[in-house]
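Note that chain A is present in both complexes that follow, paired respectively with chain B and with chain C.
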Partner chain A sequence: MASVASQDAVTLKTARRRAWFQWNEYTLTIILFLLPTVFFMTVFVVWPIISSFELSLYKWNGIDPVRTPIGLDNWTRLLQDQIFWRAFGNNLVVVVLSIAIQMPLGMLLAIMLERAGRRLIYRIFKTVYFFPMLMSSVAIGILFKYIYDPSFGLINQFLKGVGLEGQSWLGEPNLALVAVIAVICWQYTPFYMILFLAALNGISEELRDAALIDGANQPQYYRFIALPLVRGTLRTAVILSLIGSLKYFDLIWVMTEGGPSNASELMATYMYKKAFPSFEMGYGSTVASALFIIVMVIALASLFLTRRFETEV
Partner chain B sequence: MRKYWFLTLVLALLIVSVPALAQDAKTITFWHIQNTDPGPELIQQAVDRYMADNPGVTVEVVAMQNDPYKTRIRTAMGAGDPPCVFPSWGGGPLYEYVQAGQVIDLTPYMEADNYNDRFVPASLSNVTFDGKIYGVPVENTAVAVIYYNKDVFAQYNLTPPTTWEELRSVAQTLIDNGVVPFSLANKTKWTSSMYYMYLVDRLGGPEVFASAANRTGGSFEDPVFVQAGEMVQELVDMGAFIEGFNGLDYDTGQSRMPMYADQAAMELMGSWQISTYKAENPDFYENKLGIFPFPAVEGDEGSPTNVVDTVGDNYYHISSTCANPDEAFEMITYLIDDESVALRVEAGRIPPVVGVTEMIEDPVLKQVVELVENAESVQLWYDQYLPPELGEVHKDAMQALFGKEITPEEAAKRHEEAAVKFFGK
Partner chain C sequence: MATLKYLPGRAAVFIFALVWLVIAGMPFYFMAMTGFKGRFELFSGGSVFDFPKAASLENFQDVLTRGTFFRYLSNSVIVVAVSVALILLFSAMASYVFARIPFRLNRPLFGLIVAGLVIPLHVTLIPVYLLTKQIGLYDSLWALLGPYVAFNLPLSIFILTEFMRAIPRELEEAARIDGSGPMLTFWRVILPLSTPGLATLAIYNAVALWNEFVFAFVLITSPEYRPLPLAIWEYQGEYSMNIPAIMAVLTLSALPLVLIYIVGQERVIKGIMAGALK
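Now for the complex of A and B:
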């Protein structure tokens, strides 16, 4: 009996080793299932990235049949382009403020909802908090343009009503970016709330009961038991927010178009402006490629640096 | 086995249906951006009449939003798959398409039976390059004029200013009474450019810009440009523009709201806004709206009759990949035949055809037409005249100039540097 068992183990081992290149009745199934994804990924993701890099070596207006190869000129221009680096700096501001505001706020809301248990109020507030996430970014952008309007907007009306001075939120270079980030946070906090709520609900009730019996109070439960257990989700959330903020486009475009005078310019809005309204497809592609490299490097670095927080959740 | 049969069937259907879709004898794809009322009907009635007269041809009309259109047409051209008929504003961006060989030379069509005599000569100049005509002017005539709220002017005993000094004193009176002189939505950038363009034209005449933009000896660092920048910033300093204008969006109506609410007294804007007033706020249009031309600047070169103006845009063009250019051109003529012209006039527009003045009864519109007729020279919007790359530099510089982030000298320098880089001289 023993020998049979060990032989089985050996077969299993070789089977595993060979699994990569073994042709059996499942292989075709696997290939067929993967084929559509691979096809669409290649056509819509991989190929555009490669061709952006290629275009970055040309001076091209986007419509002319002739492209002029100019080597790395676009890249040297990019390195000296103050607006691009300002946009990069603005992206970092978006990253830091997004994470610093959305994560704690999302967690706080998630904990409040989790504390409410399964009551009706839980369901009502979960839906209410989630509303911003359901609206289209363009609609939100237009809505907040009116809310921020210096003469008619809700915010300035309120400020003037209580005797404070109104601000021109989107017209002032040092306010515009922060004003838009506030809206971004309003829109995306619910997403992280739902993520955290799912993770918190995934913790076994017995752990909480045990902790409470051992004399922990609620804050201690969250601080020492729940948070460490959901750190994998936290890591995912931070990285999602990081990548999202680095390639952010929509609300900035709708609300300020990167203005006034590039004060709220982001790498993605700058890329669009160069590639389309300015007819500089080559340089726009260079900005796009740089954006790709920057996001890739930062994302990989942060995945690597935070790998010890990885959990199953 | 059954699933293979199914797969085969699906494939067979796909293969068969593709040619079936493409089988229509003659199809003309037609993109336009006349998407606010009554634009779509104006287009559709002409297309319907054309199709009724030409049963063999199908016209596929696609209406689009203004800004998305600009991106889509470029992508379509870059990909070699543009629509047969498409609109443009003429000028620098159109010239890019012409140079890229994407647009059909319409001169033979326009000259046949003297068809081009139908149009106001000024309307063809923005689509004529090297003596060839590349577009048909159709939609409208747009002049930049100053709109004012008559009620507010009456309240403070003001009359429309005719000189720059008068304009400044009107502005001062309004400010003293807590009314904002000028409404301006400058997130959109080209909106502020009109003040600058008018001042440059008044101070130095049209040649200053023309010689700088065409690189025929002029420079964007000409003292005239600097002085225009200084005059703009004087207005900004005295508080002549609405609070936070650099964050307001023209496309969502943020410059018109203060006018409607009697909080701002004037706005410098293109004459297309007349039909917007009509549609958005008929009461304002009928009872409060007045217009006057940009005032003269004392003792300077440019004639005070000069206007910032486009005649005839949107233009319609035929792309060089179009399979049926003859049919496409005939279809375009339906857009600007007598019936279409009458409908456009009724809708508050000024079609670029000879003799349109007699058809117009609306008093405000009549005033606009007279401005165009009496103009000694016409200045096209810079961002439409200049190559797109420079147009963007100009618009960015305007926003920064009005926001007082750069000096008039710096604004002039930015234009000149970009021009030197673009033209290589």
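Now for the complex of A and C:
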């Protein structure tokens, strides 16, 4: 790897020694080959971000030809908007619970599958375990809406069968968010399971053999040898889960639309509600821009922190 | 003796495996089973766990023949196929430049595009909606192409660039000595050698776009242009009282991917995990 990098650096240097711009076949290739990417990224990603921030300075319903400039009013409104902060808080709950539930569960399943090796029964288990990743969030949301249904749903019928009282899972403000997070965990645990399984399989056999010969038992092997070795993968998983959870939309929208009374509102669902059904394009853009800032800050912070962590350990 | 000692542990592991099998599989069982039931079977006091009283294909037939399911299916196929083709072509071109041609803006541009991985698409929703209306693409399948391509380029470029960096330079140099310019080399040498990476990315992008909801939700209103995820969402709103029919729709919409998965399990898993596994 290092030799390739230094080789790259050498070619880069010789290229720099030449004129900054030289019209030849390579320049033409660079321009032609990057053109589609730059075009799509500019029109559909970069410009919309800038435009979002600009729109946040207006009061506008999206239809009128006239947009009323109102300075930073939308932003002061956002800072005092309790529903937005509630949505932000809910997003944090989703982040924390997702990581706290999916990572250990995914790791346990991965360890189990790794130890089982290629035994047929466990291969069937693995096939089924991955099923949730094949369905769209929309389909999963609809399916679980009926599983949570107070009268015909799977869960309440099961509870009735064992003599317990059912709940209106998605209708109770203090249950809705947890009920939705349970579905998120159901959907994404297989993702982390496969991720960890690949990492565990990447550890060399000799290392395990050596540990076992030295008298370590299986739990000790995982605790003291395997887990530290897959630390990098764990870190990746946490960052993926963190950033993914902040952007969550589809499943919540289908199951609860953020309700009841904002109990399961997330930043993304709130942004959609403000912009589209209530035609507040200006304020909707403010919420969208805030979401962008929050995600970027957290993403940069986590990258920075983990990189520092890496050098320390 | 040794096996006897580990027996309780093994049993516990096996029970855990079974419990998770039920948790992961039960919703699918419920979905498929209910699809075969009669419209009022759930309401007449029967348990959801029961087998259908008179298993019938009626719901599935209804969905496939009476409704517009095939219209939605073909909408999804068209928009996913065109988007994936564009994503693969554009990302291969860009990755070739990033992996092989040194120039001053190479690293900064690459970094900028990779930063696109974390951008939440919701920040672009309102401007893209307004833009689509302005240029007259609103409420058509083509409206989805732009955002679909743009939001899937960063990951594809990131993965393909790494892939192309691993291709031995000697092959390219041989081509250059034979008088092949960069574009011809890309077409004749690099692209064919990148097929495994392209295949993985094709699966990843196809699955992601097949299930995409937000942009379709915002950019399309007419029933005839709905892709599948939007269609099943609308369907659920219209037929909310006919649970077996909805379950039949869900089963049918999940079926294509499940069938592909059963045929090529390892490839599909690798494709879906492309974002996280390298």
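Basically, the second predicted complex is superposed on the first by the 268 of 313 C-alpha atoms of A that agree within 3 Å, B and C clash if a C-alpha of one lies under 4 Å from a C-alpha of the other, contacts with A are read in each partner's own complex, and residues count from 1 in each chain.
Quick note on the criterion: a residue touches a chain if its C-beta (ideal position, glycine included) is under 8 Å from a C-beta of that chain, and two chains touch if they have at least 3 such contacts.
These numbers were taken from a predicted model, which means no experiment stands behind them.
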Original post:
Aligned on chain A, chain B and chain C: do they clash or fit?
Top reply: clash
Subject >> Partner chain(s) touched by A:Ser289 [first = chain B, second = chain C, both, neither] >> reply: second
Original post:
So, A:Trp85: does it touch chain B (first), chain C (second), both, or neither?
Top reply: neither
**OP:** Considering only touches as defined above, state whether A:Ala237 meets chain B (first), chain C (second), both or neither.
**Re:** second
**OP:** Scan A:Val43 for contacts with chain B and chain C and give back first, second, both or neither.
**Re:** second
Original post:
Should A:Leu170 be classified as contacting the first partner (chain B), the second (chain C), both, or neither?
Top reply: first
**OP:** Kindly classify A:Met281 by the partners it touches after superposition: chain B alone (first), chain C alone (second), both, or neither?
**Re:** both
Subject >> When both partners are placed on the shared chain, which of chain B and chain C touches more of chain A >> reply: C
Subject >> Partner chain(s) touched by A:Phe152 [first = chain B, second = chain C, both, neither] >> reply: both
**OP:** Would you sort A:Glu257 into first (chain B), second (chain C), both or neither based on which partner it touches?
**Re:** first
**OP:** Report for A:Gly62: first if it touches chain B alone, second if chain C alone, otherwise both or neither.
**Re:** both
**OP:** Of the listed stretches 73-81, 217-225, 235-243 or 379-387, mark the one in chain B with C-alpha atoms clashing against chain C.
**Re:** 73-81
Original post:
Across the two complexes, what residues of chain A are contacted by chain B and by chain C?
Top reply: 62, 142, 145-146, 152, 276, 281
**OP:** In the complex, go through chain A and note every residue touching chain B.
**Re:** 61-65, 142, 145-146, 148-152, 166-173, 176, 256-257, 259-262, 273, 276-281
Subject >> List of chain A residues in touch with chain C within their complex >> reply: 4, 8, 11-12, 15-16, 20, 25-27, 29-30, 32-34, 36-37, 40-41, 43-45, 47-49, 51-52, 55, 62, 108-109, 112, 115, 122, 125, 127-139, 142-147, 152-154, 157-158, 161, 186, 190-191, 194-195, 198, 236-237, 240, 243, 246-247, 249-250, 253-254, 267-268, 271-272, 275-276, 281, 284-285, 288-289, 291-292, 295-296, 299
**OP:** Flag every residue of chain B that touches chain A in the complex, lowest number first.
**Re:** 70-71, 74-75, 77-78, 93, 96-97, 99-102, 186-187, 189, 242-249, 252, 254, 257-258, 261, 263, 387-389, 391-392, 396, 399-400, 403, 405-406
Subject >> List of chain C residues in touch with chain A within their complex >> reply: 13, 16-17, 20-21, 23-28, 30-31, 34, 42-43, 47-49, 86, 89-91, 93-94, 96-97, 101-104, 106, 109, 113, 116, 118-128, 130-131, 146-147, 149-151, 153-154, 157, 165, 181-183, 186, 207, 210-214, 218, 228-230, 232-233, 236, 243, 246-247, 250, 253-254, 257-258, 261, 265, 268-269, 272-273, 275-277
